[in-house]
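Paired with subunit B in one complex and with subunit C in the other, subunit A is shared by the two complexes that follow.
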Partner chain A sequence: MSKLIDEVKDSRRKYDVGSWIVPIIAVLTAMLVASVLMLIQGLDPMLAYKSLFTTAFGSSEGIAATLGKATPLVLSGLAVTLGLRAGLFNIGVQGQLLTGALASAWAGYALSNLPPLVHIALALAFGFFFGALVGAIAGYLKAFRGVHEVITTIMLNSIVMGIVDYLASNPFKEADQALTRTPQILDSVRLPMFGNFPSGFFLAAALAFLMWWILGFTTTGFRFNTVGRNRFAAWYAGISYKKTIFFAMLFSGGIAGLGGAVETLGITYRFEPAFNLGLGFDGITIALLGRVHPVGIIPGAILIGGMRAGAADMQFDAGVAPELVDLLLAMILFFVTAPLISRFFKNSANRSLTGGWGN
Partner chain B sequence: MITLVKRRGSYYFLAVTLATLYLYSQSANITTSVFSIAVTFAMPLALAAMVGIMCERTGIVNIGIEGTLLLSSFVAFYVAIAAKSILIGFVAAMATGVAMSLLLALMSVTWKMDQIIAGTILNILATGLTSFFYIQGNMLPSMFKQKPIPGLSNLPFFGDVLFKHGLLMYLGFVVIITLYYGLFHTPWGLRTRSVGEHPSSADTAGVSVSRMRYVNVAVAGAIGGLCGSYLVLELVGSWNRGFTAGKGFTALALMIFGRWNPMGALAAAMFFGLAQAGANQLMINGTVNIPPQFVGILPYVMTIIVLAISAGKVRPPAAEGQPYEKGQS
Partner chain C sequence: MSALLEITGVSKQYPGVLANDNISLSVSAGEVVALLGENGAGKSTLLKAVFGLVKPDSGEIKIGGEPIIFGDTAGIISRGVGMVHQHFQLVPVMTVAENIILGDEPKSGLFINMKAARAEIIALSTRYGLEVDPDAVIEDLPVGMQQRVEILKALRKDVKLLILDEPTAVLTPQEIDELLSVVRNLAKSGVGIVLITHKLHEVMAVADRVVVLRGGKLIGTTSPKETDEAGLAQMMVGRSVVLQVNRTEAKRGGVVLEVKGMQVRDDRKILSVKGVDLALHKGEILGIAGVEGNGQREFVEAICGMRHREAGEVIINGVATKNMDPHGAHEAGISHIPEDREKHGLVSSYSIADNLILNQFDQEPFAKGWIRNLAEISKNAIAMVAKFDIRTPSPSNTASSLSGGNKQKVVVARELSEDLPVLIAAQPTRGVDVGSIEFIHNQLLSARDRGAAVLLVSAELDEILSLSDRIAVMSGGKIVAIVDSKGADRNYIGRLMAGLDK
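Our next item is the complex of A and B:
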């Protein structure tokens, strides 16, 4: 009972000052630690950060590139968020995203003679559908066979990687090309620019707001949240635990697949296995940085998208390896989830988001 | 129930033995070499599964095994190069494994954080650190060489399969057998399991739950260090980004498949090793023509199938994943 009261208090505390100040301090602390590492390597951290952020946010082209990088990150963050809300830790966003990216690329080059809008919608739907398919496998195994989603999604990541690599290097391969990649998608299926900015970003942001509405104000969202908080309470309220888990995983995978599709149709214009590496794992950091709130992930995605967009220039200007961004993300994740900062602000961050294998 | 499980286990064992005998009678050389290679594939998986078993038997979920392996193999490689001694590299890898484990224990025991997220932090941290500090084009001063054990290595079949390996492989077998004996036949094992099943009872009986968890997770980290050094210093001899390729995750599945029992996990790892080595052999023979990507995903597909069959029928340690607070029931 006391646990339940704690949870209710938790949910009220969500809108406390700590909920937005902790992520900010986490980011700053991570940058501080990273600058110590750069100093050890004999590099200039001030120059590195200056180059990183002026490239990412200093010009309108920079911002456009940042938003482009942020688009799939918003969607992968949303996918992780949806899972966590229903008590599922979807580490398989990476695989679902890759599947969606390849499926939409295929739809983008193999289908022709369609009106542009229909073609775009169809290619996006392909991405969603195949991502959802991968998610549904994990959802089925979790709901009906009791296999923990962390393991199945990790295994599915590797399986998808193998299959996608096979498809991109054999049946879907661009003819007369040494590289493992599909042909370029047709011009008609490219996502249009919105002024100077990629329209995919606005699509992703709209989806984030839609998810906020669904999770916060609809019965479906209530089901997801209740199952995530306490599945026995959900059962008592007459909510089907298995069905909810299955659909949460399916939609989580679908959103991840959509992330891959938007990346293909808006940025890369073709599928190449190496293009989308790491996007899914960044989604975990983004979801937790955004406090598992669908709209809260947008600033996190923009920040990380900016770091990814500016990494190459940072290497050019300050000689810092672009992998610094990976290190920064790891430390951000650590500082945002460890109760070091949140305890200072009396914000209970270490509420359990996931369960053990048996849950 | 237990007798049923044991009986089923012995049926598997009998089937495998018969199949091996048949293959051996067909072609002794190839069968021996496939098994010998299978052991080298199986050992890192088995050791990584031991890390998981050590942690989970005390009630800590460790999905950071992959990160522990990645960082400790990285440290083993570069320290061995810097110190020009693979032995120092090995010790440094063990220390790294312990450090990673202590971080996990700090997050999950002291800070009572969500353990799956704590493990994910280890993984992402290891990926970030290793890819940031990775430098291309280094060579190890030497590797742990094959040292046949006198006498035993002359045995037919078993001599080649089990007793013609390097030092770290033998050490791995010692660790697995010790862990099995320790868990089920010593006071330490009883305490460990009681902390993992019902910490408040263990606490009442005078066992310090958090100390038990810290020590066991730290020892598990040392085993992870052994596994990482085996991979880089004895099996492969070079390091690149993403070196461990998901072995730490496969190990978790093997741990579940092996019912949180060291011998069960070893058998499961051997099954995986055989499947991989067998598939490689079929490719070399040209018996079957499968795209290499499909051979690569074989272990993962098998993991999922195996889990879909066995999960739900196996039961993890009861207190796993939950931080312990004094006074809770």
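Our next item is the complex of A and C:
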């Protein structure tokens, strides 16, 4: 009996982890296609990949840089994942992340005379809070007004970028500077390094495990998952759809904001609008690459962080434009969603020809 | 004359299951062949093979005397094989005419010639006696009418062989009668018909021949003249089924659930429950009979907290309740087998184990505070799967892997596991195979015998008659009569349902 129980519990975990074959094949296929493109240009793909990956993973400095790049990506991937689990496609991670980055930068330079730990915690909280605020707007509109979150988050991205640009170029602008950017944050609020390694990464990874535990083992996680899979059944089972949707979007935005804060406090040390572009959108790729599993986000973010970190050296060694990394990411996203697409078409074929035939 | 469809010795082996085992059958023009079998008997595989979607390991399928080519679905359809699915393939916002011509529109120049289309449809519908309004929008039509549109869609393509997949599952008794007479007319005009159904009395009413499948094997071919419903049921499940439930006398107790002056609006905001009073007693099954669409659904949903009530009271064990959500109703002591198990009853991508505790996920012992107790959830699942005979290799499989009957058993198991004072069962055996129906009926009866107050709503009058202690007939949003089921007259109840007697 108890063996049977263990077996059931085990298979639940297996089911939760999902298949890792698809993402691995997606990455390899993308690399293969990219090599063909490089060959057409007369470049050496082996050299390019060798340079890309030795830079990213070949030395402790390289790994440190990779983890630094990966840190905000883990958090933006988690933000997308949390939304998807509750059935929401949060395209607004970019805007939420920018808001968090700016808010924590302000807290980092404008507040002073605080003990370092308190100051760091406060700056992170600022990032979380303002990201959550942006997420909550979309969450409120979705839950209580029925406005589709894809529409609102895309629009909020534009709105937030405008506001953030305004703030960074006017009230929060560094004095006597031509560039649009905030002053540098105080040294005391910089995220410490563990040797070469940025502590922000460990914070992000810890959050990933925390989210995995919450989604898999708590009633809150069950609420999120149930609403994401069948909101009518969730309602029937006594789970408030509206509340769950609202909080999923709020926390998704908060985690994205935290991603911006970690970037500000650990890497850029100030807010500069052009710095964080794309981090939020990479989060979508990473979430899908990680099979919408919080812990799966970590390897996905490290891989993509590594590609970002190694791109410059790849250009230097193999003459391959760093934009190749963007191309790789786009193809990974394409191939990782391709099985979903083909399954969708297969299902729709089933619907018309064999649907409803029972089993 | 050669047969329209000729299946000879078809076998299909799937990993672990022999889905079709040397099956032969033929359908001639003008013949109605009923294909009977429980879920998993091999009907789907056989039909997929007919459409070229499944390649049989051995055997041959001929349509109009010509063997079919595997994969050539379009070719097979063009030879005059049509199918009306259980789930309609209609565009809800388009008109009847637009739906029927969809994919093969009569044109004048670049434009669709709607005039020609309408004329064609009117001609078609008079020819087969299937009246429709070509300009009506699908979503405004009752289900029976939508099905008629589906049939016309198939007939327009010169169908010689028409396959109807559980066509009566969604119909009201009147619509079923109409459909059956349509089927007979079509057969008379020379169309060969394959009717897939669970409902034995329809088979008896309409089929020329009955082919019974069980566990992938062809068990036998018979005809309504040679057998009766009990005989068919026995062939289907391989043992005799007690269609007439053995019901003991109810030990009726005090009133548990009382409804006073209830008024409820339907989805279109039209008042559909127009002042209902009802008292449900401990230890009885009260059946609500009625033609679907007479307010039963809204009535039940309002009791279960799934629909707002405009007026009236719901009193549970003497305590008046406010308008509630489903959770509130559950807390107040109502368990509910919902009418739409796919939508409300289950999360199909969740494991059977999680579905078995879906509305108890945050209660002891399945959660300790914030943390879910996976060991208890698994233990509960293993016990429930055994107790409710849920046929699955493991409770960790997803609910979507189950057959309709077993899905329903999951819902029934969950709702009965708590032993709440009130049980509301809405269409508890819809789309469920005969074996599971019997099991679910017995579970409802044993819930009654344990002292639960059971409210049963069903479109199947036979189900109401065989299970209920009292029968309330609902018509036009009101309860027009409450009769004791002992010696209840079927015809009298039918007349009440139709709103004829007062």
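The criterion applied here is as follows: the second predicted complex is superposed on the first by the 321 of 359 C-alpha atoms of A that agree within 3 Å, B and C clash if a C-alpha of one lies under 4 Å from a C-alpha of the other, contacts with A are read in each partner's own complex, and residues count from 1 in each chain.
The rule we apply is simple: a contact is a pair of C-beta atoms (placed from the backbone, for glycine too) under 8 Å apart; a residue touches a chain by one contact, two chains touch by 3 or more.
Since this is a predicted model, take the numbers as computed values, not measurements.
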item	value
Touching partner for A:I163 - first (subunit B), second (subunit C), both, neither	first
Touching partner for A:L39 - first (subunit B), second (subunit C), both, neither	neither
A:Y236 touches, of subunit B and subunit C: first, second, both or neither?	second
Residue contacts with subunit A in the superposition, subunit B compared against subunit C	B
Set intersection of subunit A contacts, subunit C complex versus subunit B complex	351-359
Parts of subunit A lying in touch with subunit B, wherever the complex brings them together	37, 89, 91, 141, 145-148, 150-152, 154-156, 158-159, 161-163, 165-166, 169-170, 281, 284-285, 288, 321, 323-324, 326-331, 333-334, 337-339, 350-359
Of subunit C, residues touching subunit A in the complex	39-40, 43-44, 47-48, 51, 53, 73, 85-87, 89, 165-166, 306, 325-327, 330, 338, 343-351, 353-354, 358-359, 361-362, 367, 370-372, 374-375, 378-379, 381-382, 394-396, 398, 403-404
Complex interface listing, subunit A residues touching subunit C	1, 4-5, 7-9, 11-12, 15, 217-222, 225-226, 229-230, 232-239, 351-359
Subunit B - residues contacting subunit A, complex	61, 63, 107, 111-118, 120-121, 124-125, 127-129, 131-132, 134, 246, 249-250, 252-253, 256, 291, 293-294, 296-297, 300-301, 303-304, 307-308, 311-312, 315-316, 318, 320-322
